[in-house]
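Each in C-alpha cells, the structures are laid out below.
There are two complexes below, and they share subunit A, which is joined by subunit B in the first and by subunit C in the second.
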Partner chain A sequence: MGQRRRAGAVKTLSSERDSADVARICNRKHNICMVSDFFYPNMGGVESHIYQLSQCLIEKGHKVVIATHAYGRRRGVRYLTNGLKVYYLPLQVMYSQSTATTCVHSLPLLRCVFVREQITVVHAHSSFSSMAHDALFHAKTMGLNTVFTDHSLFGFADLSSVLTNKLLTITLCDTNHIVCVSYTSKENTVLRAVLNPEIVSVIPNAVDPTDFTPDPSQRPADRITIVVISRLVYRKGIDLLGGIIPELCLKHPDLHFLIGGEGPKRLVLEEVREKYQLHDRVRLLGALEHKDVRGVLVQGHIFLNTSLTEAFCMAIVEGASCGLQVVSTRVGGIPEVLPDDLITLCEPTVRSLCDGLEQVIAKQRSDSFPSPASIHNRVRNLYTWKNVAERTEKVYDKVVGEEVLPLAKRLRRLRSHCGPVAGSIFAFVAMLDFLFLLLLQWLLPDRFMDVAVDATGPHGLWRQKTSRKKFD
Partner chain B sequence: MGADGAPSQSVPWRKVLWERQPFPDNYVDQRFLEELRRNEGIREYRYWAVVKEASLVGQQLSCVAIFITFWLYMEQGLLAPETLLWTSLVCGLLGYGLYQAFTSQTDSCSETRTHLADLQSAALFLSFTFGFSPVLKTLTESVSTDTVYAMSAVMLLAHLVSFPYGEPSPPGSLSLNAALFASVCLASRLPGALHTFAMLSCALLVFALWPCLLQRLRENSPLQFTGVCVGVCTGGVGGLASQSLGGAVLLSLAVVSVTFLCPLLLVWLQRHKDNIHGPWDEAEICEDLSHFLH
Partner chain C sequence: MEEEAFTDINGKPITLDCHSHSSFCREFTVSSPKVSIGKVMVYTCSVWLLAYAVFFFTQNTAVLSSAILITLVGMMLHIHFVKVDHESLLVIGSLGIQVSSSYASGREVTTFIEMSKIKDIVINEAIYMHQIIYYLCVLLKEPFEPNEVSSVVPLFQSSKPRLGCLVKVYKSCQEILSTCQ
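So, the complex of A and B:
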C-alpha cells in the first residue's frame, strides 16, 4: 500500500528541516492515537483509563493524542496536562454518547488526525464505542497498526449482543493486538470476536494509590458504616441493595449506609428508605466527583459492591486502598482482582450478600481485621498506571513490527473469518473505504498536509522537568 | 512477549490479577475457557407438542379469513345484515354460556365481575356502535376504495403479527385495535348503516371475544381445543373457497406451513443450537424483591 510509504516520506521531509527533530523522533518510539467515544467531560472507567494511560505513556517519551467526538460546545482541539492533545471531532452522537457509524463518513477527519500527527499505532478503546470500531477499520485502510482494549463483558444471547459481537468480529479480524482488563474479559472477547487467544493480552486497570489513602479518624466510632459507590443502575445490582438495606438495618441498630452515585434506580433506594423509616441511617449522596470519592470512602468500615456484571471493577480496589473491608458479588472478573483475605465474595442474591456482610460485621465488632494502613500498603502496589503503561508499551513494540495486510489479503481474510454474508458485505465496505481514501488523497495529498506542532512543545520543551530529566 | 515463550517453571498459572506471575501477558493456559458451559438448561421440543401450539396461529389466520368471507358476502348482498346480527347474537350468547361454564369450573370466587356488569358493557357497546354506525358508514367516503382496502390489509396483517399467541386472553391492545380499525375501514364500504353495525358486531365477536373463549378452552380441555382449531381452519378455508378458489388455496398453504412445516423447521434447527455461558454472563436476580418495597 502506497499510502504508508508516502506518510514515511513526509516524516523524513519534516525531520530534515531540523536536525534536532531527528533526535526527537528517534528518541520517541511510538506516535499513538487513542480513539474512543468516551472521554472527558464524560466520566467513567474507560475515560480515566485512557487519560491515565496516556499520561504515563507521555512520561515515558511517547507521543500520544486522543480522538473523541465533540461534547456539546467542546469541539476542536484541546490540550490537557503535560501537552496531551485531544481532538473533539464533530461527529454525530447517536445513542448514549456513542456516535453513529457508517464505516465511511469518519474517514476524512480521522485521516487528518492520523496524517497530521504522524501516527504509527492506533489504539481504540471500548467495544461500545462505534468511533473506536470506525478508527480500527480506517487505520487498516491507511496501513497502520492497531491495538484494541476491551473494557466490558458481553453476553451472547440477545439480539443487541449478537449484532455487537458480529461488528467486533469484523473490526478485530485484522487488528494486531487486543488488550483485555481481566482473564474473564479475555475469554469473553476471544469467544465474541473469534480470535486467536495469543494475540490477546491481559493488562488490568489501575488505581492511583496516592488518591486513595486511609484515614481511620474519619470513621465515627459509635457505628458501622457500609459504603456503596456506583452508578445507580440495574447492572450494578441496586435492586439487591434495596433488599439488603432493610434486612441488615433491622438486625443491627448501629449500621449506617452511605451511598454515592446517581441513576434511575435511586427511586428503589428512596422507596426502601421511606418504607422502613431509615432516613437517618441511609444517606444518598447523589453523583460524586472523582476527587470527592476518597472523602466518602474513608468514612466507612465496609465497602459493598453488588454489581451483576463487571470486567474488572476498579471500585473495589479503591475501597480496599482506603483500608475498607470489601464485600462483593462473585461475577465476571471480580474474583481475580483482590486476594481472598481482602475480599468477601458472595453470590448475587440478597441472602448470600447479607450472610457475607454479617460475617464481616461480626469480625469488625471483634476488631479482628488488620488495620486500614496495612491493607492500604498491601493494595497500593497491586495495580499502578506505571505498570499498565510498561505492559502496554510492550504491546506497541510488538505491534509496530508487524505487517499490515494489503487490500487483497485483507478482503480474503474478512471473507474467510467473518462468515460468507457479513464478510462479503464488509469486504465491500473495505473496498469503498479504500476508494474513498484514494479520492481523499487525490483531493489533498498527504504531502500537502501540515504536520501538527507537537503538543509537548518544540523539542519537548513544555514537558515537565522531571520527565525530561528521565528521558533526555 | 509471545505465548510460546512461556517459561516452564514449576509454578502453575493462576487466574488472578493481583499476583505478578512469571508469564507473558498474552499467555494462554491449559485452563483457558475451562468454565465455558454449552447449551445449559435448553428446552427440548417435541414435534407434535409444537404443532399443537402452532395450531393457534393457523386458527387466527383462519379467523381473519372467516371475517373477510362474511364481509365479501355482505358486500355482494348475499347475506342480509339481519341474518348476521341474529347469528352473532346467538353465537355470542352461546359463547358467553360456555365461558361462564369454564370459569365456574376453574375458580369459583376469585372473579368479582357480575353478569350485570357484562350485560351493561355489552349494551353500552352495542348502543354506541348502533348510534354511530351512520357516522362510521360515511367516515371514509372521501378516501379512495383502493386506499381503504390497502389500509385494511395492512391492519389485518398487523393484527396477525402483534397477536399475543402465548396468552391470547385478553387480546393485546395493538392487535385488537388494528383489527377493529380494519373492520371499520371495511365496514364503511358496505351499502347501509345496518350493514356497518352488523359487521362491527361480528368483528367484536371474532377479534375480541373469541380469543378469550379459546384461551379458556385451551386451559380446560386441550383435546377439544385441537378439535376447535381444526374446525376453524376448515371453516376459514371452506368459506373462502366459496368466494375465491385461489385465496382458499393460498390460505390452506399458509395454514399447513405454519402448523406443520414451521414446527418441523424449529425441531430440526434445534440440533444446531449452540448457546454458550460462562463467568462473564450478567447475573440474574432470581428472587422476588418487590416485597421489600410493598
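So, the complex of A and C:
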C-alpha cells in the first residue's frame, strides 16, 4: 500500500509539472508487459499482432516482455528474435486455449513477472483471453498502469456475449486506456463495456507488405480464380460461400475457386462440390500456414471475403497487397479498411455477393483493372507495423502519466459502474485480491526478488551484444 | 579463502565460501543456517498438542506413543534426507566438476562430472513453485554431437542462492573453464 501511495504521489507531482517536461516524458522508455492467452505456437491474428508490435517497440528502445500460458511442453522462459522474452506460465487451460479464471490464482506468478521485470505498463490483448482479464485485475491491484486491446466484435443478445460483456465492463471500468482496431470496433466496445469514448483509441492492425508481394505470372491465363482464405466457421459466412459457388460456376465455365482454411463448415463446401460435380473447379486446401498464404493468394484474380462479423479484416489487406481485386461483405469494420476503388462491397446475402462478383469478373475480362503492382504500391504504405508502434507508444506515454485508482476509489468505481450485484461481487474479489497481494508481500517481500537482467530496453544486453559483434 | 554473506530466494541468510586451491582449482561452498531450535520446538509441540487433543476424545494411549514416534522418526528423516547444511562445488580445470552436498546428519552425496562431458556452466531462469528464479546449471554434451545439449544439471539445488551469489560463482567458474579450453 505504501508503495502505491508513493507511486501515486510521484505521478501527481509529474502531472503538475508544465509542458517543458512533456518532451522528456515523451522520450521516456517504458517497460511493457504484453499479456494474452494467445501467443505462438498458437497461430492467429492476435498472436502475430502481439509479436509484430513487440518487435517494433523493441526497435524503438522499449523493454518488452510477453506473458502467456504454457503450451504443452513449452513452459518456462524463452527468448525470441531480438531478445523478446516470453514467459510461458504453467496455468491451467480450460477451453480453446483460454485459461480458467478465478481472478486470484494467477497473482503469485504474474506478480513475480511484474516485479522482477520492473514493469510500468501492462498491456493485455483480446477479450477472449481470461489471462488478459486476470492480468489487468492484478496490475491494478499492484498499482500499475494498464492498457487493453480489443481484437473482436461481439453481439449483445445471446447468453455468452451477455456474460463476456459483463466481464469486459468490470475489467475495463478502471483500465487506463483501451485500444480498438477499427472505428466500428471502438463503437462496439464502448457500447458493450459502457465506457467513456475519450479513453478509447483506434489503432488498426498492420500487414508486413514485404511478405505479400504480387506475382501475376503465377496466375493461369485461361481461367479466373477466386481465392477465399478464412477459417471455415459460421462467423466467416461459409454458408454464403456455399450458395455462391454453384450459381457462379454454372454461369462462368472458366471460373475456379481456391479455398484455404479449416473448420466445421468444411462439410458445407464438400457437400456443394459433391452435388454439382465441381471437384476440378473448387479446390479445398485445408489449413494453411502463414508462410504459405502468399503462395495461394498470387494464384488468384479475385479475393472473396464473406464474413458476417469482423472488427478489422487483415485478410483483405493481404489480398489487396498481393494485387487481387477484393470483394467483401459490408459488415463491421470492413468498409473502413480499404479505399473504395480497391474493394467491392456487397450486402451479406448470396444475391448481392453474386452481383458484386459478376461485376468484378466482367471488368476482369475486359482488363479494366489497374495492374497488381500498382495496387500493391498503394496498399503497402496504408498499414505498417511501424506506424502501429508509434501510435501505441503515444498511448503508453499518455497512460504512464495517469493515476492508478487506489483501492477505495476502485471499489466505488466498480460498484457504481457495474451494477449493484456484479459490482459488489467484483468489489469483494478486488478486496480479496488485495489481501492476497498483502499476504504474498509478507511471505516474499519485493526486495527478495531478483530483478531480471534486461534483454531489451535502454539497458538491454541483447542489442549491445549484437552491435559489438558487428564491430568485431 | 574468503567468506561472503548472501541471501537465498526466500530471503534467508546464506554464506558463500570461496577457496582457491590453485589457479585452476577452486572450491565454492554455500552454507545454510543450522536447524533452529525454535522451529524444532514449534513442530514438536504442534504434533504433540494434536495428539493430546485426539487422546482426550479417544482415551487411547497408542495415540501418544505414536506421536512421539512420529516426531522422532520425522526429525531423523529430516536431517538425513532433507536438511542440507553445505553444498559445495569443486571446479578443477581440465579434470572436471565435483558437486557434493552434506546433510545435517553428516551424510554426504557426491557426484563427479568429467570435463569432456561438460559443455558449459550457465545461469538460467526457471519457474519454481510460485516464483521465477535464477539458478546455476551445468550443460552436458550429447556424446556424439558436441554442439548439442543432452541434459542439464542444476547446482545448489537445496540452498537456492540469489542472483548476486550465482554471478560470483559463475564468473570464477568461467575463468577456470576458459583457461582450460
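The rule we apply is simple: the second predicted complex is superposed on the first by the 431 of 472 C-alpha atoms of A that agree within 3 Å, B and C clash if a C-alpha of one lies under 4 Å from a C-alpha of the other, contacts with A are read in each partner's own complex, and residues count from 1 in each chain.
What we mean here is this: a contact is a pair of C-beta atoms (placed from the backbone, for glycine too) under 8 Å apart; a residue touches a chain by one contact, two chains touch by 3 or more.
Bear in mind that the values here come from a model prediction, so they are computed numbers and not experimental data.
S.K.: After aligning the two structures on subunit A, examine subunit B and subunit C and state clash or fit.
M.R.: fit
S.K.: In the overlay, work out which of subunit B or subunit C sits against more residues of subunit A.
M.R.: Of subunit B and subunit C, more residues of subunit A lie in contact with B.
S.K.: Would you check which partner chain A:231 touches, where first means subunit B only, second means subunit C only, and both and neither mean what they say?
M.R.: neither
S.K.: Of the two partner chains, subunit B (first) and subunit C (second), which one does A:349 touch, if any: first, second, both, or neither?
M.R.: It touches subunit B, and subunit C stays clear.
S.K.: Considering only the touch criterion stated at the top, classify A:90 as touching first (subunit B), second (subunit C), both, or neither.
M.R.: After superposition on chain A, A:90 lies in contact with subunit C alone.
S.K.: With the two structures laid over each other on chain A, which partner does A:382 touch: subunit B (first), subunit C (second), both, or neither?
M.R.: It touches subunit B, and subunit C stays clear.
S.K.: Using the superposition on chain A described above, determine whether A:336 touches subunit B (first), subunit C (second), both, or neither.
M.R.: Touch status of A:336: first partner only.
S.K.: Can you pull out the angle centred on subunit A between the C-alpha centres of subunit B and subunit C, to the nearest 10°?
M.R.: 100
S.K.: Smallest separation in Å between any Cα of subunit B and any Cα of subunit C in the superposed model?
M.R.: When the complexes share the chain A frame, the smallest subunit B-subunit C C-alpha distance is 34 Å.
S.K.: Just to be sure I follow: which residues of subunit A are touched by subunit B in one complex and then by subunit C in the other one?
M.R.: none
S.K.: Help me check something: in the complex, which residues belonging to subunit C touch subunit A?
M.R.: Interface residues on subunit C, with respect to subunit A: 7, 9-11, 125-127, 130-134, 162-163.
S.K.: For the complex, which residues does subunit A have touching subunit C?
M.R.: By the definition above, subunit A touches subunit C via 75-77, 87, 89-90, 108-109, 112-113, 116, 444-445, 447-450, 452.
S.K.: Quick one: in the complex, what on subunit A touches subunit B?
M.R.: 153-157, 177, 182-185, 187-188, 190-191, 197-204, 235, 237, 239-240, 242-243, 246, 268, 271-272, 275, 308-309, 312, 329, 331-333, 335-339, 348-351, 382-383, 391, 394-395, 397-398
S.K.: Using the touch definition up top, name the residues of subunit B that touch subunit A in the complex.
M.R.: Its residues touching subunit A are 1-4, 15-19, 24-26, 28, 32-33, 35-36, 275-276, 278-287, 289, 292-293.
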